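Just so it is clear, A, B and C label the chains in written order, and each chain counts residues from 1 on its own.
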Amino acid sequence: MLRLENVFKRYKTGDLALKDVTLEIPDGQVIALIGPSGAGKSTLIRCVNRLVNPTSGKIFLGDTELTSLSSGALRKARRRMGMIFQEYALVERLTVMENVLSGRLGYVGFWASWFRKFPKKDVQEAFRLLDRVGLLHMADKRADELSGGQRQRVGICRALIQNPELLLVDEPTASLDPKTSRQIMRLINELCKERGLAAIINIHDVLLAQMYSQRVVGLKAGELVFDGPPEGLVPEVLTDIYGEEDWEATIEEVDEDDEELLVEEAEVVA
Amino acid sequence: MSEVSAEKKFPDRWKKPPFISNPTLRWLLYVAVAVYFATAFGTMDIDWQRAWEGLPRGAEFLASFFPPSLTDSNGVHVTGTIIDGILDSIWMAILATVAGIVLSVPVGLGAARNLSPMPVYLFCRSIIAVSRTFPEVILAIFAVKLFGFGSFAGLVALSIGTIGFFAKLLAEDIETSSTSQNEAVKVTGANWFQWVNYAIQPQVMPRMIGLAMYRLDINFRESAVVGIVGGGGIGDTLKTSFERYDFSISATILIVIIVIVISLEYSSGYLRKWVQ
Amino acid sequence: MPIIDKPDGPVWKRRKTPVQLLIWFGWMVAIAITVMAWKRIAANDLLWVYMPTAGQQAVDMMQRMIPPNWSYMDKLWKPVWDTLNIATIGSVMAMAIAVPVAFAAARNTTPHKLVRAFALLIIVSTRSVNSLIWALALVFILGPGVLAGTLAIGLRSIGGCSKLLYEAIEEIDHNQVEAIEATGASRLQQMAYGILPQVMPTFAGVGVFRWDINIRQSTILGLVGAGGIGLQLSSSMNTLAWTQVSMILLVILGTVVISETVSAKVRHAII
């Protein structure tokens, strides 16, 4: 369970990015965090694993209070949170396998990681995850040889091999085309279900947010303005979050006929 | 899909693919490198005995940096000598930059393929090649033979070095200048000089001013070196101090050189930004 | 205004008057400095007695250099080999030290501000002193020979390489490092997995680039007794053995051209 209590974040520039955010996410729940650019979505999830330090407030992961951890304890706590990035953030000059294994860095010593000597079960798990996302044959390729969708899948493997309790997902589809976006969102969703993972997914695509989450949280100028089920995103709410716009076209029901696309693409790359 | 993968067996070992995939080639390379270093070290004539004896002297040299001193071992003040040497180097660097640039303009124009006929081009390119290949210090020994000891020889050497540097970059800049601009001016009926003045010059000028600053910077550094082979300037003073084992003076001179080089580098970088 | 209204109609000028004045002023200052510099050098060091004969001497020197003494090559193999070793071992040594110094000097990897200041001091002081000056100092300390030369090349290259390396480290893509940080990796692991792979090609390029420069530099170290082919050059010049001098110059030319080609090829292959 993740709990944020009265979290504030003010950057050195003076911008108040988060204003008194209180939020609780039970185990296994996938929530979508929506809001316009600059609303503080990224800051919020970065505060959770403290890539950004909150100015005040408390964040608990289970019983651990993340906000007061020393750097050693913080590293241990970070192992419990996998993060997936907007621009994939793979280390481009490392192989796919190294990128996946880098998710275990918090568990192995420096020299073991330097010589790429990871425990056998980590290596096995890495292969299993790559197979799960359909990239087993790419293990020895360098990350910069992959397409956007493939890179994001490697990013997902890197986060999952940490064996986390929580996934922090920052705009996973911002650099992808619509079809790949859906595939990636579905994959994240399936994996969360398989493993009973909680996830916070930052996403600016309202449609995808509705399709792939159990709960939607709306953020506007650093403040929580909506918290409810996906069906609750009526035009009035969206206007409140994003501003005036014709929202009827966006909240259309989506048909679920692209199930075979994932399989199709996996065959193409194989 | 997940049910299938749960049953699969996956390898529990993984090795990063090696940098060179062909194993024979890879090992050949390793062996070659090992053999090279072994022979290199084996054939180096190093007098360890002498080096060992020099260590206390090295310590003395390092110690004399803290604090630097302005009197030599006989207690004579050398501030004046150092200032003279530095000024000499500075004047030498300035003059060499000016003379070198003035001379390199015709050479650079001649070495631009889009500007000059083949014989002129080849002639100018060979001037550039020669002056670029040999370090300023080698040019300086010849200049010393011809003009005698002193900063004039250094000046000649640095000027020639400047020609090689500046003319080459100028020629390259001209060769890559915009063809459409060049043609536009040409079709107005301008003669060769008007054409260079109106079409080429505006395109290459800003970068050339920046390079001039940069070269001034290099010339000062080199002016400290040509003195070692008799080309005058602060290098001369420095060498004399070493020959007298006056390490405290050498240390002071080195610090002065470092300070000037750094300030020149910063100011030339700043000026370059300001010009462009 | 570039266009000035005069009683007999507007006159076009290239620049505004104050700008034009400033430019003229700049030129005047530049000319004044040049004249001053010339006076100083001419007064102190220009030995007019050499002037009338310098041209004749140069021609004379050239004539004596031709043809090069080809058989002297037998005695040059060893100095050339020494020169190559000084440059190569010096470069390797310098890179081994330059890499940690660069990590200490880069803003995003330095462990502490004071460490950074110290690393920058190392970079600046080794870089600002030419390798020939280092060689001069080391010859007086350690005695003449290749050891002094190699250390001189190494010392000068530490700063030269470190500067390029730490600039490369500061310019990396921070997202990749952040992703590694988010997995719970330690600072050293973040460097090994997030930063090093990104800067590796630059590191290799810098090493080869430096080696190329060092070949050139090590040809002259012998002039102060620090080993390599410069030694033969200076003794041949002192004994006025001009045909040997021209042979040595040819060898230097060849070495420089070859090293330049090799380094260009290698860098092309890496990047």
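What we mean here is this: a contact is a pair of C-beta atoms (placed from the backbone, for glycine too) under 8 Å apart; a residue touches a chain by one contact, two chains touch by 3 or more.
What you see is a predicted model, and the numbers here were worked out from it, not measured in a lab.
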Requested in this report: Considering only mean CA positions as chain centres, point out the chain farthest from chain C.
Outcome: A
Query - A-B or B-C, whichever has more C-beta pairs in contact - result: B-C
Report task. Using mean C-alpha positions as chain centres, tell me how far chain A is from chain C in Å, no decimals. Result -> 48
Report task. Would you kindly tell me how far, in whole Å, the mean C-alpha position of chain B lies from that of chain A? Result -> 51
Report task. Please compute the C-alpha centroid of chain B, do the same for chain C, then give the distance between them in whole Å. Result -> 4
Query raised in the report: Could you say which residues in chain A touch two or more other chains, in rising order?
Result: 98
Requested in this report: Using the touch definition up top, name the residues of chain C that touch chain B in the complex.
Outcome: 30, 33-34, 36-38, 40-42, 44-47, 49-51, 54, 57-58, 61, 78, 81-82, 85, 88-89, 124-125, 128-130, 132-133, 136-137, 140-143, 145-147, 150, 216-217, 219-220, 223-224, 233-234, 237, 249, 252-253, 256-257
Requested in this report: Quick one: which bits of chain B touch chain C in the complex? Just the residue numbers, please.
Outcome: 36-37, 40-41, 43-47, 50-51, 53-55, 57-58, 61, 87-88, 90-92, 94-95, 98, 133-135, 137-138, 141-142, 145-148, 150-152, 155, 221-222, 224-225, 228-229, 232, 235, 238-239, 242-243, 245, 250, 254, 257-258, 261-262
Report summary line: chain A partner, complex, touching residues on chain C are 175-176, 178-186, 188-189, 192-194, 197-198, 200-201
Query - chain A to chain C touching residues, read off their complex - result: 49, 51, 75-79, 81-83, 85, 87, 89-94, 98, 102-107, 110, 113-114, 155, 158, 162, 168
Requested in this report: Please give the residue numbers of chain A that touch chain B in the complex, ascending.
Outcome: 95, 97-98, 101, 116, 118, 120-121, 123-124, 126-128, 131-132, 139-140, 194, 263
